[in-house]
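The same chain A turns up in both complexes below, where it pairs with chain B and then with chain C.
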Partner chain A sequence: MSEAQQDKATTNAPASAPTGEPPVPKAAVEEAKKAANKKPEPATRAQLVPAGIVGAKMSEIERAVPLDEPPPLPLNSELKVIGKRVPRVDGRLKVTGAAKYTADVRLPGMLFARMVTSPHPHARIRSIDTSAAEAHRQVRAIHILDRVLGNAELRDKSKELPAKFPIVRFAGQPIAAVAATTQAAADEAARLVKVVYEPLPFVVDMDKAREAGAPLVFPGPADQSGSAGGGGGPAGVKQKGNVRGPVRSGPHGQPPGDVEKGFKEADVIVEGEFRTQVQTHSALETHGVVADWKPEGLTVYSSTQGTGSVRDELAEIFKLKKSQVRVVTEFMGGGFGAKFGAGNYGALATHLSKKAGAPVRLMLDRKDEHLSTGNRPDSVQKLRIGARRDGTLTAIHLQSYGTAGTGTGAGTAGPAQNMYECSHISTEESDVFTHAGPAAAFRAPGHPQGCFALEQLIDELAERLQVDPLALRDKIDKSDARREERRIGAERVNWSRRHAPSADKGAVKRGIGVAQAVWYRLINLDSSVEVRLTRDGSVELLSGVQDIGGGIRTALAQVVAEELGLKPTDITLRIGDTAFPNGPASGGSMTTGSITPAARNAAHKLKLQLLEQVAPALDTTPDHLVMRDGVVSRDLPSTSKAYKSMTFKQAAAKLQTEQIAARASRNDDYGGFVFKNEKDAFGFGIGTYGGVQFVEVAVDTETGIVKVERVVAVHDCGRPINPLALESQINGGVLQGISYALYENRILDRNTGKMVNPNLEQYKIAGSRETPVIETILIEEYVGRNSTDAGGIGEPSTIPTAAAIANAVYNATGVRMYEIPMTPAHVLAALKGGAAKKGVNA
Partner chain B sequence: MSKEDERMSVEESPKGGVSRRGFLKGAGLTAAGAAIMEGGLLGVREATAALREPPVVGPGSVSVTLKVNGASRRVDVEPRTTLAEALRFELGLTGTKVVCDRGSCSACTVWLDGTPVCSCMTLAVDVGSRAVTTIEGLAPDDERLHPVQEAFIEYDAMQCGFCTPGMIMSCAALLNRKANPTLEDVKTATSGNLCRCGTYPKVFEATLAAAKTGGHGRKGGD
Partner chain C sequence: MRAYLPGYELVVPRDLAEALALLRDEPGAWKPFAGGTDLMVLFEAGRLAHRKFFSILQLPELRGVEETSEHVTLGALTTYTEVQRHATLRREFPMLCRAARETGGVAIQNRGTLGGNIANASPAADSPPALLAYDAQLELISAAGSRWVAYGDFHTGYKQTVMRPDELVARIRCPRPSTNAKQYARKVGTRRAQAISKICFAGLAEMFDGRVAEIRLAFGSVAPTVVRCRRTEAVLSGQKIDAATIRAARSELAVEIAPIDDVRSTAGYRLRVALNVLEEFLSRLAANE
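Here is the complex of A and B:
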């Protein structure tokens, strides 16, 4: 927990319900109504719940809460385990090397596999000769892919000449795989597979791909299939050449207004063209699986963010019942959005295992990881903002192009649509197909890009209006949480000492910048948990949900421990296995908000069962009993000796059966959602999560080197469950943001279509030396929408960093950076010429 | 053509140029040839000795004995097998991670006689009599952890945890070299350790805190 948070007293100033909830669009209301009409509303009770921001304004508001929901939790300050800094329950396993990742799985008789991939960015495959590989002494199976997952697919397949093998559309596209008794043998044998290609014209540069007559990635409109990999744009969008779009709507439907009218109402108009690069996820554990095909079913150990999504896709590909597929992810070494679904490697390993009759391990090497498993699309964004003299925004117009390679989903409009109040907003997002590996969701898809443009122009607007950037944001941002974050952050960073642009005299110029993030409250309703209690007093939690590093294992232990009056270490966590109740995929900062209410509700049900059974022995009824500090007793101060009590263990020993269990799934939010998609069990919650980041930089105007010296990151995620792990996630978001702003760049050679830096030395990622002082501050915001009121922080923590750095660089140098990464060469060029100033960065 | 083929085709240019691999082979022959020529001057016995050294092993499996975490372990490995592969696949010590397999991330850090090295850049046959310490052997016994391990848990110096074993081996080695490191020292010690989750601030905190508690675990020389 941040010091600021610890310092804050819980004040209960009278106030109304928290504001900051976005206007609910009509279409969404209609949809919500329709959905509501389908099922009878559950019986509810009127319940007072805490609401507001601790330290700013708190109150109680009334919510209609379904009868079977547990009572509302009090504020964190009144809880024993939730909201406390709890070391990870799996920490010991991780620091001793005992934690088993997919890459570490060894099964008896396990084979090793390697993929055969295309060196060409665009080609038809004439023939594949596997005979030499088959003759290899240690080879046990070879499989050639007949369908490539991840790439978009033609809507009308007849637009392309039929081909025996999938058309190659990017360098690194998987073609086949070989399984052998050792990894070295598999590598050797993969080299023996002879593929004859007919190379075709290609284009890897987004600007070139937009030109008329550019080589086509798809000879007709193409869509990316739904479960391909988390990410991807909407289907059915119009397409011309390689350009697909524009898409004008967002999650809330089409933004309101008429921008032409809005610009006419404006006193001031600011505009610019902003460019961002392609970033690869580069998780330390590569994508991969160990697939074990048995006649009775398939078991797959997978490095994934969604055990359920891998199961579903493999069941579909191999025509198995979902119950015949078990996916296990005990530990996984990072995903950041790129690890959903089976993947080509998963399909290949399963085919190989089926053919060889043995388990097959297929972990990608670092080069394939860069080429074929996803990336954050690049962007070129034309943004125009109009405002009245008092700061009121009258129009926001964004036109963006980005390439998701052979995939879709390069839009950047999220921040422009959702961050600020503006009556006329228009966003036009277009994807540009190129012969490059398909993008995948990457930590807040589209938002760091969109924020880089929006938050710089908002700063520019403030300068034109001659108001402080924070004051302007106070005027145009309705969110109470962000307002509080700006206030706290400004105080911590000592914003008042911020000087005019380029005020430092020497070669090294320092500056302070700010930018903020807005993210959605997304809920996966398919989030279930079972909690078991056995007569010896041991408690287990079971769920398919996987811990991708955010620490959900520990958060779940905290929630169950809080409910049962135990310690987190008293709970045995069994997660990351589809043999357990269905868990949510971990993406979109959805995990905590989706699964912790289910965990609390299950633990609550279990508690009621236990109390029911032990109440007679305590001469009372269950409703008079509480469980605290490992003791079951009457709800009285602990000093009271008048009534009987027993330890949790003694209570468990009184169970009539060896074990009791309770199961719960995520219920709808109290008061419902902005909209809900029944089919995908997806709820779009009311309100937002976000944060504000302040950055101090030093720019060496002689070398062009930008150094981030300090970051103050103030964030909200509803009720913080484990501030210790949340701080870690914020650190990570900030560092990935710094890395994105200053270093990372996937560079494709225009002449060969190949990536020139598919490794970890030339693909530069921020390391220890680039790590500045990062001060994290969490605010507690309560909205009383479910039984834990907790949310995620993964996405918001990385959204504003690049924009805040750019604003700080402007404050340091007086020159605006229209392009990232801000490499020394870019910075020097920008400092030298007015080119950058006009938004046409070299 | 696999991507490996592609690399080969770059090396063996169709114009009949010399591949990198071919060049190395050729260079080897030339060196030997030079020795023979010199041998012609110096005497045949010396030339034979020059040819005999260094000893040639492989390409088949060779048997090597590794001193790992205090115990002698025999493994049969091909000469090209890296120490990381031998630890992970032959000895089941999967705590050591392989991320880049070419010396640019330090996820595979182990100690040789107490000095941190990238086990992906060390051949198993080259380890010789040096003592190997892996993350599994860092704790002094089954009950206690190394102070750096303790601090990593307490300060949450991990997220996904994949970089954690390598990170801990680097930080623990630093404390062996320098009992009271500065923040700069910790940054330098971990400058090769890549953490994509961005856990560095907590790594710094944890390592400095572990130094304060003053404890040391194994020195890695046994």
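Here is the complex of A and C:
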């Protein structure tokens, strides 16, 4: 029986039955086959689940719960482990340096590799001479790429310029790699590879690339494969020159509305052109792998946020069975969306390992990281909003352009489409190809950009309508979560003391601003977990899911511990390995919402097996037993005569076999999805996440320096599993948002096409001294759609920050910032009513 | 890309005499390596052209802070952390302490030296404006002996100094400022730590009878070298500080400095902020703050 079928069989078993393979008559098999073909709804029972926002509005609603899933959890306040502030189970390993990251992997005979990359932004390679490198004493293998991953690819391959090697389309594009016995030797040998280029005309500036006659990035329409986490805009979009689009859309992915009509209905119209810069992911740990090719298969230690997606991509490239590829990510130092795929470095390291017959380590340096591993596209957004005098929105019209370099996916329309009620919404998003490294998904793709425009214009609308920005949002925003978040945040920040714009006297002016987020309930159904119990009472959880840094290890431990009446530290976690049941990729803030229900369901199945085996010893049936505080007992007061109990350990010792195990995968949401993509097992859940941030700034009008002094971040993510880890995520999101608003900027030199600041010295990221007081507040919002009701926070937490800062700067100075980063020079120029020079990190 | 390490040489002289002998015997061949916080950045970027270095960090002759009633003298190897911890410096040389506090981050402050900051001769360095405003002198030593030069005369052009290839910076001597002196320093960087200045200012002045008796103004990042603005000082000298003198000082400063566009800032921004910072200092003097 395949795993899938086994799941199906257990899905249909009654809740109290022991799992495993029941004896099945032949007829039943036929029956099951028919049923499997029809894809019936799994057998369910009706159950009341808590719904609403704690402290605001709570009720119970009925949901159809699959029979083999555990009963719904009560509110967090009634739980022992879930919802408690649990320190990371692996925190100690991390702070003591004991945790092994990809760069720490040392295999016997391991070689070190270095990529050869192009210094030219656009070129045809005439020849590559590797003889000098080959002659280097310490060199063991050299490989030249015949296909570049990450760049968009021509729809019609015959349109490509004739060339022996892949065309170079950005400075920093990988061409080859060299493996040697030491890193220094690999670095040295990489310099010995002689590449002769025929430089071609290039364009790195988005505005220039849009002009007629601009050098073409692709000689025909091109699409970026979204498979392994490219930014990946929609495929098949019409393209003219370097401009791909526009993609027209309306609210919630529906067709565009009639904005002409909407503007006619408006009493007030506000508009503006907003610009955002390219931001690189700059995770602390750079991309990299150790690839170990053996005749029987490939093992790759990879810094990835998708062990499964890396496995799949490598299996495809090297024509291996998926079972022959094992990807391991025990610990990783951040990805932010840029680490789903195998990457050119991963393919190169694998080729080198195959050629050299030895493991090969290829870690990128910071420069490669900035140039070739992804970024958040820039944007120029023309946004227009119409409203009636009472605030009702009649039209939202967004036209946006952005460059994802040689990739696609620079759209910004998410917030405009999904945040507010409005009768006519139309968005037009275009990608502009430039000769720059391809973008990759980046923490809420498109949303920080989109919010920067939308939330400033909503504030401007409030000012025009002479209403408080919060009151206007109360009127046009239908999200209950955000309404509550605005109320709580306003109270905490003491919003009522907010003064009129530029009311402060002296040189330093202070202000308060607000902005909000919208994000989606995305679910990866390929989320599986196995839980094992061994006779000595030890419990293990196994899943391919990797901990990108959000703390999923700890959340999984909590969920299993809660179900089994244990402590999180009682659970041994084995994750980040494709040898285990398939885990979801960590993107779209999906991990917790995807995998924790699978973990709880698996733990529940395991519990039923255990109870079945120990019930006789407690003189009862399994359904009369409970497990809590490390004890298995009859569900009676301990004072009762019939009360009987044994410790969890004693219960485990009664197992008939040395070990029992149970497996579960993520089921569909209770009540289903808005839509479901069968091909990649992806569900788009009903409802959205919110998040509202309040920011206090001080603007020095002599130097133009903006200082963020305080951030109050109020967020929702369903049922919070571990508020401590969630706060860390929010802190990180806020800091990355501040950094985006004020500092980070990838600068390309228009004359050479090269990045001017490919390091962390001149590519500035907010540091500890820029860290304001951050107050995080989590509301509990229950929607009762799965067995944990948990959601994600990684992305929502960074969406509104830049917009809130801009609104605060306006409140401080009376001057609106239409462009980020808000560098001192930009701010000073804006205060003087001018515009600062473009393209400098001033 | 990081430079090829085996391509470099680093020796560790036993004492100062041996170090100076190296410089004497092969002039220009060897360069000192102090904290390495400037040199390693070049190395990491593959831009460290010079190949032969000798360490000076272990030489006690270049360490320590001495005080007399007239002066405080700092060894070239004095680190930013040592500056910040020194009681007299904290009391009497707040601008130097502030520069030390705002240089790099803690690791850089533990490792980077004043001598390295001076010898590296970057126009964007943070301690030099303070040292210029304190009227510091430098002791340059070689196998042939020692000489003192006024720090104001040390920098002659972009990355050019009066130091000979066989010399080292040994000590930095600052006259102790009078207790009446007003000091004001301001670094404007992209971030509050780990950021090279967009502009950096140090000003020291003494007022007598409502008039400027003595004034020294120094800027970083507004010219090919760190600069004392003597012409602007002359405009202010002997004057009362009022709106008119501030205006005159601003106009003079605007022609005395020549900032440029670079990756950290623009000429226009630097000029505007330099004028604003000068005005801030003068307003404080006028208000006797």
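General remarks:
The working rule: the second predicted complex is superposed on the first by the 782 of 842 C-alpha atoms of A that agree within 3 Å, B and C clash if a C-alpha of one lies under 4 Å from a C-alpha of the other, contacts with A are read in each partner's own complex, and residues count from 1 in each chain.
Keep this in mind: a contact is a pair of C-beta atoms (placed from the backbone, for glycine too) under 8 Å apart; a residue touches a chain by one contact, two chains touch by 3 or more.
Only a predicted model underlies this, so the values are computations on that prediction, with no experimental measurement involved.
By the touch criterion defined above, A:549 lies against chain B but remains apart from chain C after alignment on the C-alpha atoms of chain A. Of the two partner chains, neither chain B nor chain C is touched by A:779.
When both complexes are overlaid on chain A, the residue A:743 reaches chain C alone and has no touch with chain B.
In the overlay built on the shared chain, the residue A:56 is in contact with neither chain B nor chain C.
Of the two partner chains placed by the overlay, only chain C lies in contact with A:702; chain B stays clear of it.
In the superposed pair of complexes, A:808 makes contact with neither chain B nor chain C.
Which of chain B and chain C touches more residues of chain A: that partner is B. Shared-chain residue A:103: touches chain B; no touch with chain C. When the two structures are aligned on the shared chain, A:761 is found in touch with chain B and with chain C. Once chain A of one complex is fitted onto chain A of the other, the partner contacts of A:184 extend to both chain B and chain C.
For the contact definition in use here, the residues of chain A common to its chain B contact set and its chain C contact set are 184, 187, 190-191, 365, 367, 759, 761, 766-769. Interface residues of chain A facing chain C in the complex, by the touch rule stated above, are 114, 184, 187-188, 190-191, 365, 367, 507, 702-705, 743, 747, 756-757, 759, 761-762, 764, 766-770, 823-825, 828-829, 836-837, 840-842.
The part of chain A that touches chain B in the complex is made up of residues 87-88, 90-92, 94-101, 103-104, 106, 116-117, 119, 172, 183-184, 187, 190-191, 193-195, 197, 282-286, 331-334, 336, 365-368, 548-551, 724-725, 727-729, 731-736, 759-761, 765-769, 771, 773-774. Put simply, chain C touches chain A in their complex at residues 1-2, 4-6, 41, 45, 105, 188, 190-196, 198, 261-266, 268-269, 272-273, 276-277, 280. Of all the residues in chain B, the ones that touch chain A in their complex are 1-6, 8, 78, 80-81, 85, 88-89, 92-102, 104-105, 107, 134-136, 138-139, 145, 149, 152-154, 156, 158-165, 168, 186-188, 190-204.
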